[in-house]
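You will see chain A twice below: alongside chain B first, and alongside chain C after that.
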Partner chain A sequence: MSSVLEQAASIALWALTPVLIGLMLGLDRVITARLQGRKGPGLLQSLRDLFKLLSKKGSYVNSSQMAFAYLSLALYAIAAFVLITGSDVMTAFLLSGVGSFLMVMAALSVRSPYSHLGAHRELMQIMAVEPVVMLIVLSMGYVSGTFLGSSMDYVMFLSLPLAAAAMVPMLVIRLEKSPFDIATAHSEIVSGPYVEFSGRTLGITKLAHWFELAVMFGILLLLFDTADQALGLAIKTVVVLATVFIIAIIDCSTARLTRWSMLRFSLIFCLGAVALNLLVLYIIDLGVLG
Partner chain B sequence: MDESLIDLLVALLIIGPMVAGLGCFLIRRLPPIGKLVIAVAVVMIAAVLSLSYEVLSDGTIVRPSEDLSSFGVLITILDLALMLGFVYIAWMSKSPLTGVFAVIQIAVMAFIELNGVEEMGNAIYIDQLSVMMTFITSVIGSIICVYAVRYMKHYHGHGRFFAIMLLFLGAMNGAVFSTNLLWMFFFWEVTTLCSFLLIGHTGTERAKRSAITAAEYTLGGGAALILGIALCMQYFDTVFMDQLPIGTGIGGLALLPLALFSVAAFTKSAQIPFQKWLLDAMVAPTPVSALLHSATMVNLGIYLLLRLSPALHGTGTLLSVIGAIGALTFLIAAVLAITQGNAKRVLAYSTISNLGLIVACVGMDSSLALTAAMLLLLFHAISKALLFMSVGVVKEKIDSEDIDAMQGLRDSMPAVSAAMLIGVAMMVLPPFGMFASKWLLSEALTSFPLLALFLVLGFGATLVYYAKWLGLVFTGGTERRRFHDEGTHRIYLVTLMSIAIVGMAATAAIGLLLDELVNPFVSKIFDPALEMNDWVLATSIGIFPMLALIALGIVLVILVLLPRRMPPMMDVYACGERGNIKTGTFYYWSEDRVVKTTEMVNIGMSILLIALMFIPFLMEVTA
Partner chain C sequence: MKKENLARSPWLLHFDTGSCNGCDIEIWALLSPTYDLERFGMINKGNPKHADILLVTGPVSLKTAPRLRNLYDQMPEPKLVVACGDCASTGSPFIGCYNVRGGVDKVIPVDVYIPGCACRPEVLIDGAVMALQKWREKAEAMDREVKA
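Our next item is the complex of A and B:
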């Protein structure tokens, strides 16, 4: 019976994801404003923005643009569902990767140089994030001997500290924060791949992005799972708050870097860190076995 | 099924296309050739389906070589004639390297024949792997031949062209049905000859040069193969692949034939550093590229590795180096594909890359990885056929293969764009088989942390090069009409649609494929690790909800087709700029850098190959 209840709870959690992510982004805006000495918007501002966009009529350029955007939302949402219901993490990650692919397709499907520029930068971001997060998921599978989120080891953070650390720059990139706000560069090509969306369709792309963030944060939080549910919830809340705070500080204290420096940083240092972590574990395992 | 009926089916698949090819050669005129090719396609598809049914229901079909000894003599004679043919080609095209390789082959053949071959074993051996290969060759290959009937209208020499195309299909079937290495070697070299002739078909300087390059590389592989066969007789005392010992018991110099076979496979499958011939082969008419990349040629190398996987199983370092070569090829070719502007070149690099992935799977030597390898092989062939054929149709219309020139195809050629979308979707989108195999492979990777590093990067690069291309194809303005006639010939539409249907059917029947085709083969070495329960693909470490994704696909298609209220359509904002805006795509690296990287990579990979050849000696010394 409890498993049915747990399932129902996780489905409810999935349905609430946009709210949670919205609140988190609101918090991020509050913190950023305080760091910059502004009053800034309230905690609910991101949610209000989304709600307003979704209730608008908007317009569209052609049906491919529309179709790819909705398809992307569907895949991100399914990915988040798979992850939250404790199913296969690798499946969730790969599905969310397809979501990113489709969002790029949506941005490329209109004749707008700015949208294309954003799409190509988004591709660079995919190239920077995908391999690192995939290796993190693989190392989680390696540590636990399974990819089923619900059967994974507890506090994997202890054996994969570098993977947890590498998740932070990945989140910086996906949250489109300085120094890696490449695709939607503020005061440069503003909103990049989303530039040709408006009204409800823009809302859809935002919602899709939120589900993607849910997958990214979900993977991070899996590293901090504990046997004790209440304790786990407390730890996870602290982790999310700390991550948001750290990212806000990074955002406020750095200037934008180039695409190439993002790729170099991500694929050399972050990927290297995760690989190093994995290698150490592998050597320890070999030693234990031999 | 009756024994003689099975014999007839096997003969139909090997000799049938060759005879029909001879017919094409004699007819010479395109319209009757077209009818003949369509008839051959129907017969081959029917034959392959019956044969598959037979193997899947009654198990492996074997024919001992005693019953076929006259064929053995015939093949030896033809083999010699073929080699002399290659010497002639080398003479005519002044390619000393071709000559050297052909002479080596003759010498080794003579050595083998003079020493006498103990022919006690199964000459014909058709198991699940052979069925899968012959399915790819006969179904996809013959659809490509039908496609060529229209495409070749603009070219000369129809009789010769279709004769070789059909001979190619027959030779492929022959190679995957033979378990006698000498027979397989013969068919292997026939495919080399066919690819040489087809690549050089147009007769331009460039085509001739590419053809001779292909001959040099693949004949070199053939020389490695025949040397391997001679050593195989020396160390294992057999020329029958089904009699090779399991790899765990092989050590020292006895690994040498296996290393040589791998090198032969790498040349055929265009693994780095042997990729040049496949890239140059682009000059051939598009149906030839489609045939080389999806239905024939490059699959033969992979087939050899898969066929030898029991003998390679447990050979440790040797297999690891093979896997490393595959993984590096996967990554490097994927990165180079990003830098290319010509659609056929992107596809060529992506073929090299994907085959590298399959080689890496073989190198991983685990149940999950082998399962992934077989699924990848099948879905890659389907998807590549679709993509090459689409590029061919586009080229006929806009006379360009450049990705930049394909901008906005969705408006001018919606059906072909849809075919491209399906082709790419099969590579990257769920629930198509390729995506399922990627998932499977990812789960298999948990045991190989260092290999994982190359593969995760390669997966990222793969997404990028497909997104760049497909994105431009689907760049469009506001729509005025929903559907219009794009003037694509109906042969193109029918063949493209057939391949798409094959792909979708294979995806929907993935459970059946696993139970009947993949798992029986994998279980020869490993316990099958993947099964399908209630439409969920399940391994011991993860699950993949196939039905949920197929259902999602169906729901989405219905949603797209349903009429609904749409918001108003508006042209792009484009920051207020007006006029006919055309954007190019990014290539990230200059051509110069690509050339330099290729040189460096070739050197590095050659060193790895030499290391591969030294492993047996090293093991002999240390043992």
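Our next item is the complex of A and C:
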């Protein structure tokens, strides 16, 4: 009976995901404004933006652009559902990866050169993020012996601290924050892959992006899972708030870097950190140190 | 509820149709911490397809008139046009010049005219708030159209 209740609770949580991510992005905007000495918008601003976009008239260039955007939303939403209901983390991660590629396809299906430039940069971002997150998910599987999210019920952060640290730059990239706001680069290529979306269609891509963020934050939070539900919820809330604060500080204190420096940073330092973490765990498991 | 969301999240597009840059500097001042337009939910978007309010500065020259029309046509409904400053409102002091069409309303419909040379940031905020009132009316008209 309790498992049925748990499933119902996780489905409700999945339905609330856009609201939670919207509030988190609103908090991010409030913190950013305060750091820049401004009053800034309210906590609900990102949600208001989404509702406004969804209530506007949409326009699209051709039907394949529209189809790719909807498919991407569907895949991200399924990925978030798989992760939140405690199923296979690797499946969720791969589905969300396919969602990213479909968004790139949507950007490539129109003729605007800015959209193409944005799509190519988005591909570079995917190249920077996917290997690192893939290794993080693999090492979570190594530590817990399973990819089932519901079976990972102890604090993996204690054995994988560097994986949690490597997730922060990955979230900076996926949140399109400076120094790695390569694809959407405002004042340079306007909004990259989203340049040809408008009104309601732009709202759909925004919603898709929020579900993707839910998957990324979900993978980070799995590292802080505990057997005690209440304690776990408290820890996870603190982790999300701390991550948003750190990312806002990074965003405000850095200028945009080139896509090559993003690739170098991600594939050398972040991938290296996770690999080092995994190597140390492996050596400990071999019993060399004991 | 729906109209409140509309009115509290207007995204701006700024286009210079041949201004002396006086009004443009005042518009950029709106984004600075002193005036902080983002507290009303307004963000400057460099893309007509994402924008809700078009801020135009300067008299419309013959070269920029088709570009202005193009930008206006790309914006999704409901949309608003704000003519910022005397030149954008009427074309003065360039009325009758060989290369100038006149005010913005000679090319596209204008919702709010903001006076001043250059227009002050405080008046620009006032104008944007007036524009939001008109936006509510437009959104209601759009709803009625959908229902009919």
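One rule holds in what follows: the second predicted complex is superposed on the first by the 286 of 290 C-alpha atoms of A that agree within 3 Å, B and C clash if a C-alpha of one lies under 4 Å from a C-alpha of the other, contacts with A are read in each partner's own complex, and residues count from 1 in each chain.
One rule holds in what follows: a contact is a pair of C-beta atoms (placed from the backbone, for glycine too) under 8 Å apart; a residue touches a chain by one contact, two chains touch by 3 or more.
It should be emphasised that the depicted structure is a prediction, and the values quoted were computed from it without experimental measurement.
Room for both chain B and chain C is found when the two structures are superposed via chain A, with no clash between them.
Contacts of A:Pro131 after superposition on the shared chain: chain B is touched, whereas chain C is not. Ranking chain B and chain C by residues of chain A touched puts B first.
Legend: residue contacts after superposition of the two complexes on their common chain; A:Ser63 is shown touching chain B, with no touch to chain C. Between the C-alpha centres of chain B and chain C, as seen from that of chain A in the superposed arrangement, lies an angle of 120 degrees, given as a multiple of 10. Once the two complexes are overlaid on the shared chain, A:Arg111 sits against chain B while remaining clear of chain C. In the superposed model, A:Val195 makes contact with both chain B and chain C. In the superposition on chain A, A:Gly86 makes contact with neither chain B nor chain C. By the touch criterion stated above, A:Gly232 is placed in contact with neither chain B nor chain C. Shared-chain residue A:Ile78: touches chain B; no touch with chain C.
Once the two complexes are overlaid on the shared chain, A:Phe51 sits against chain C while remaining clear of chain B. For the three-chain overlay built from the shared chain A, the minimum Cα spacing from chain B to chain C equals 7 Å. When both complexes are aligned on chain A by C-alpha atoms, chain A residues 57-59, 195-196, 198-199 touch chain B in the first and chain C in the second. Across the complex, chain C meets chain A through its residues 2, 4-6, 8-9, 33, 36, 38-41, 45-47, 49-50, 52, 74, 76-78, 139, 142.
On the side of chain A, the complex with chain B involves touching residues 57-64, 66-68, 70-71, 74-75, 78, 82, 87-88, 90-91, 94-95, 97-98, 100-101, 104-105, 107-117, 119-120, 123, 126-127, 130-132, 134-135, 137-139, 141-142, 145-148, 195-196, 198-201, 267, 271, 275, 278-279, 281-282.
Interface residues of chain A facing chain C in the complex, by the touch rule stated above, are 29, 33, 36-42, 45, 48-49, 51-52, 55-59, 186-187, 190-191, 194-199, 202. Residues of chain B that touch chain A in their complex: 408, 410, 428-430, 435, 438-439, 442-443, 445-447, 449-450, 452-453, 456-457, 459-461, 463-464, 466-468, 470-472, 474-479, 540-545, 548-549, 552, 556, 560, 566-575, 577, 581-583, 585-586.
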